[in-house]
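Given below, in the form of structure tokens, are the structures.
One chain, chain A, links the two complexes that follow: it is found with chain B in the first and with chain C in the second.
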Partner chain A sequence: MTEKTNSTITKNTIITFFKERPWAQYILFGVLLSSIAFLPQIGVMRNSTMSIFALIIIYTIAAFGLNLLLGFSALISLATAGFIGGGALGIGIFLNMGLPFEVAVLLVILSGIVIGAFIGILSLKSQGIYLAITTLFVQEILRQIYTSVGIFGGERIDIGTITILGGIELNRFNFAHRSIIFLILIAVMVIIMIIFRNLIKSRSGRAFMAMSRSKSAAAAMGVNIMKYRVYAFIIATVFAMLAGVLYAMYYQSAPTRAWTLDLSLLLLAMVVAGGFKSVFGMFLGAFVVYGIPTLFLEDIFGDVSEIFAGLLIILVVLFYPQGLIHSGPDIKKGFKKIVGLFRKKEVTQDE
Partner chain B sequence: MSKNTVLKIDDVVMRFGGLTAVDHLNLEIKEGEIVGLIGPNGAGKTTVFNCITQFYDSYEGSITFNNEDGETIDLKSKKVTEIIDLGLVRTFQNIELIPDLSIIDNVMIGAHNQFKTGLVQHLLSTPKVRKEEKRIYDKALDVLAFMNMSDLKDQMVHGQPYGILKKVEVARTLMSDPRLIILDEPAAGLNDSETDELETLIYKIRDEYNASILLIEHDMGFVMNICDRIAAINFGKNIATDTPAKIQAHPNVQEAYLGKGDDE
Partner chain C sequence: MDNVVRILFNSLQTGAVYALAALGIVLIFRAGKVTNFAQGMIGTFNAYVAAVFFRWLGWSIWAAVPIALVTAFITGVVIDKIFIRPAQNSKPMHKQIITLGIIMILTGIIPFIFGVDPIRLGRFFPTGGVDILGTTLRFNTMFTVALSVALMGAIFWFIQYTRWGLAIRVTASNKVTSQLMGVPTNTVTMMAWATAAMLGALAGIIIAPQSSVNPTFMLDVQVSAFFAAVFGGLQTFFGPVFAAFIIALARNSAMFYLSDIWGNAIVYILILLFLYFKPYGLFGEAPVEKV
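What follows is the complex of A and B.
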């Protein structure tokens, strides 16, 4: 009896520990996800499956930026894919120039800040559907630039082995190295989760919400709307370009044709399906919108899997318009019901 | 012992195209005073508020504000977002809150201008950020306790009854260490007991926060009760500015509300 109470007490302390410290939740999540890096090593999982998870993580990171725009600032961007591409191709160019990896990353982040500020200033002139059209054409211009400007190498920029921290070489054709890169991806995602939550729980996070929910109140309370709009676009662009850097790191090559409007829309679907304003929802959204169709549906339905992927997303949006992350209580209820049924049976048997 | 002036509206004219919404208006508010601005619908009351808080900055004439050090500031030289720094803060006729934030987070937005930390520090959640956040949070707790709303602090604004929403807006103004609070129809939509509660609250705010109050209100009983002075306007023009009793008896005010009394 005492043992049981003791274990409930420890269980409760663990739960409160994680409830009070969201960063610990993200780290725990990262640690759990890290197990995927070892599965191909022991032959339980194919390397290609790990690559799908790598893309899910990359999309998750870009989705955080879009979430800040859509969920918190009521701004829209259809150019996310273009920025991911910018990050991937940008780091490719910088690395081929012979710059150290860390310097190249820094340069990509800096260009992300400049481009984000530029888009943010553009956004000051347009609202809602007009902003969507503006960013749609930013996306198309970027796609055109990537495919037709010479420095992007036509089809792709080959990067090859990446040297980080001045000496550690990582090559994707070495499976152990690939797992290490996968772990780096997870680490970056966990960091992004933590700083995203820091941001939204801060004065800046409240300012983003104030400017999108009530312009007059924001102005009267001293929130400079122009400033925060530009901030939102800077962060969204930097996140997307970081996602691009990770893409280039994992695949060690940056294609020019992959960064289409289709991908931008897919990212939009991830944010909506996962849940506006949610942290774990971004991973969930990327998993449902990209992961489930590629991991499971393609095997079952083959060529027509996209139809099912589409249907799945429509169902999610219909039944969980706030995002799948809010399906938690329903799942819990269903689970409790099932457990309850079994328990009842046990009790009756005991009697 | 004449008290210091807080706000002075001097010969202000505001035009929208061919329409003159505010027409050579004058009004002065002194420290610790509760002043009501009344007038029929469309008389330009909210336009006056928008001119004071620089939502409209194309008015003619001058609106000046005296800060605590006795300096006179021409409000036109300030941007709309800088007005709150002076301790001049307002509420809105239609509630302007953030529905998907908790009540205390909404109140904390009233202290937006008191933060010293910036975006990058917020991303990293530095110790300084956490200290500052705690300080503002505690201040918001005090304000909510003052408003008798402590138990509601973590509830979402969305779905709260109207009376609570109105109170949250007032609580938000208190975060700015206000010198002058401008209330746009604070009693609209409140029931009788809520209106009585609001009356006590406004006195309490004046006394404990040493704030002056300017309010627009259609509930005449409430206005007559609470205000030290009332300014009646119609078509943007001053009709009369006087004590409640005299305003009530003023023939021009009665005319503005009821029309001319000649039944020929």
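What follows is the complex of A and C.
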């Protein structure tokens, strides 16, 4: 009896510990996710499956930026794919110029700040669909630049082995190295989760929320609309470019033609399906929109996976307009129902 | 001189295509507050239907096109019934994501029905033309431009002067109030989707002979139609059509006189600058914001 109460007490302390400290949740999540890095090593999982998870993490990071725009500031951007491409191609160019990795990342982040500020200022006057198409112009211009400018080099930029922290060489063709890169991706994602959470709970986060409800009301309350709009776009752009850097790091080459409107729309779907204003929702969204079709549907349905992915997105939007992250209570209810059914059966069998 | 004339003729045709697609986008946007990302894909799907009847069954293009328009009508109605109406109380953002889902579904269906190889679609008038100022104006160009302009004229007349047009306009201006006044807004939205699908299909059929019918051949039309819709201003039906011709002309001239690679980008940057000063387009006005 006492043992039982003791265990419930420790269980409760653990739960309250994690409930009170969101950063601990994120770190726990990261630790759980990093188990995937070891599965290919012991031969349980294919390396290609790990690559899919890597892409999910990369999309999650870009989705955080989009979530800040869409969920918190009610600004819509269709240029996310262009920024991810900018990060990937940018780091490729800087590395091929012979710069150290860390300097290259800093330069990419700096250029992200400049581009984000530019788009933020450009967007000051428009709202909704007009803003979306304004960013679509940016996306198309970026795409044109990537595919036509000589320094981006035709089909792709090959990066090859990268050297971080002055001496550690990582090559994706070495499977152990690939797992290490995967761990780095997870670490960056956890750090971004913590940054994101702190950001939205800060003064700026409240300003974004006020802005999203009504621009005029927020301005009347003393929120500097211009400052926070530019701010939101800068953060979103930097996150997307970081995602691009991680893409280049994991795949060690950056394609020039992959950054199209389709990818931007896919990221939009991830944010909406996962859940606005939520942290874990971004990972869930990326997992549902990109992961489930590539991991499961393709094996089961083969060529029709795209149809199912489309249906999945539509169903999620129809039944969970707040995002899948809010499906928790329903799943619990359904689970209890199923358990209840089994219990009833047992009872009848006993009779 | 003949260059100028040639650019003008080309722009008339591409402008007509963009205008058809843009008008479809505006119709749906006004009638249902949906930004339809799937306009190009719906057009592609039905252009495939025309191409199949034309190429595989050997029908005349004059018979294949009406069939494609009928299937387009059906596509529009089905999409509205199955996907859009259940979501009519959702936020505009969610409806956009639904149209994205529609793109994925159609992309998945196309290889099943039509195979993976691109199909060539013929012109209405394969040969023949008139010499004007040293440039040949094809009968086909003449016909497609005339058809598009006549069709759009008919739609404008319909919206402006008929009972149903009035229903469309009041639905566009305020859906709830028009419902209270007895306007069958659901039917209006459904007709908007059907008409838009037909316009998209026609745009696809007109532009298809320049390349071939494949899953991505209308991407450029889709993007340009969006640009035209915003550049012209979504509050009017006329603005986007006008803007579509301007964009086509500007792009063709920029590509010819400035740079064939950067022509597009230059025009886009110019429009971006324009939108900075007039964010709601050529003919649009800033909506009054209530707190």
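Quick note on the criterion: the second predicted complex is superposed on the first by the 336 of 351 C-alpha atoms of A that agree within 3 Å, B and C clash if a C-alpha of one lies under 4 Å from a C-alpha of the other, contacts with A are read in each partner's own complex, and residues count from 1 in each chain.
Definition applied: a residue touches a chain if its C-beta (ideal position, glycine included) is under 8 Å from a C-beta of that chain, and two chains touch if they have at least 3 such contacts.
The shown structure was predicted, so the numbers you read here are calculated from the model rather than taken from an experiment.
**Student:** With both structures superposed, pick whichever of chain B and chain C touches the larger number of chain A residues.
**Tutor:** After superposition, C is the partner touching more of chain A.
**Student:** Given the touch rule stated above, what does A:Phe64 touch, chain B (first), chain C (second), both, or neither?
**Tutor:** After superposition on chain A, A:Phe64 lies in contact with neither partner.
**Student:** Please indicate which partner A:Leu318 is in contact with in the superposed arrangement: first for chain B, second for chain C, both, or neither.
**Tutor:** In the superposition, A:Leu318 contacts chain C only.
**Student:** In the overlaid three-chain picture, which partner chain does A:Ala210 touch, first (chain B) or second (chain C), both, or neither?
**Tutor:** Touch status of A:Ala210: first partner only.
**Student:** Looking at the overlay, what does A:Leu268 touch: chain B (first), chain C (second), both, or neither?
**Tutor:** second
**Student:** Look at A:Phe94 in the shared chain and tell me whether it touches chain B only, chain C only, both, or neither; answer first, second, both or neither.
**Tutor:** neither
**Student:** Going by the contact rule set out at the top, does A:Asn224 touch chain B (first), chain C (second), both, or neither?
**Tutor:** So A:Asn224 only meets chain B here.
**Student:** With the two structures laid over each other on chain A, which partner does A:Tyr26 touch: chain B (first), chain C (second), both, or neither?
**Tutor:** Once the two structures are laid over each other on A, A:Tyr26 reaches no partner at all.
**Student:** For A:Tyr247, is the partner it touches chain B (first), chain C (second), both, or none of the two (neither)?
**Tutor:** neither
**Student:** A:Asn198 in the overlay: touching chain B, chain C, both, or neither? Say first, second, both or neither.
**Tutor:** Touch status of A:Asn198: first partner only.
**Student:** I'd like to check the shared interface: which positions of chain A are touched by both chain B and chain C across the two complexes?
**Tutor:** Residues 214, 216-217, 220, which sit in both footprints.
**Student:** Can you tell me which positions in chain A touch chain C when the two form their complex?
**Tutor:** By the definition above, chain A touches chain C via 70, 76, 122, 125-126, 128-130, 132-134, 136-138, 140-141, 144-145, 148, 214-217, 220, 261, 265-266, 268-269, 272-273, 303-314, 317-318, 321.
**Student:** For the complex, which residues does chain B have touching chain A?
**Tutor:** 53, 55, 80-85, 89-90, 92, 96-101, 105, 108-110, 112-113, 115, 117-119, 122-125, 129, 132-133, 136, 172, 176
**Student:** Hey, which residues of chain C end up touching chain A in the complex?
**Tutor:** Of all residues in chain C, those touching chain A are 29, 35, 37, 83, 86-87, 90-94, 96-98, 100-105, 107-109, 111-112, 219, 223, 226-227, 229-230, 234, 261-262, 264-265, 268-269, 271-272, 275-276, 279-281, 289, 291.
**Student:** Quick one: which bits of chain A touch chain B in the complex? Just the residue numbers, please.
**Tutor:** 195, 198-199, 202-207, 209-210, 213-214, 216-224, 231, 277
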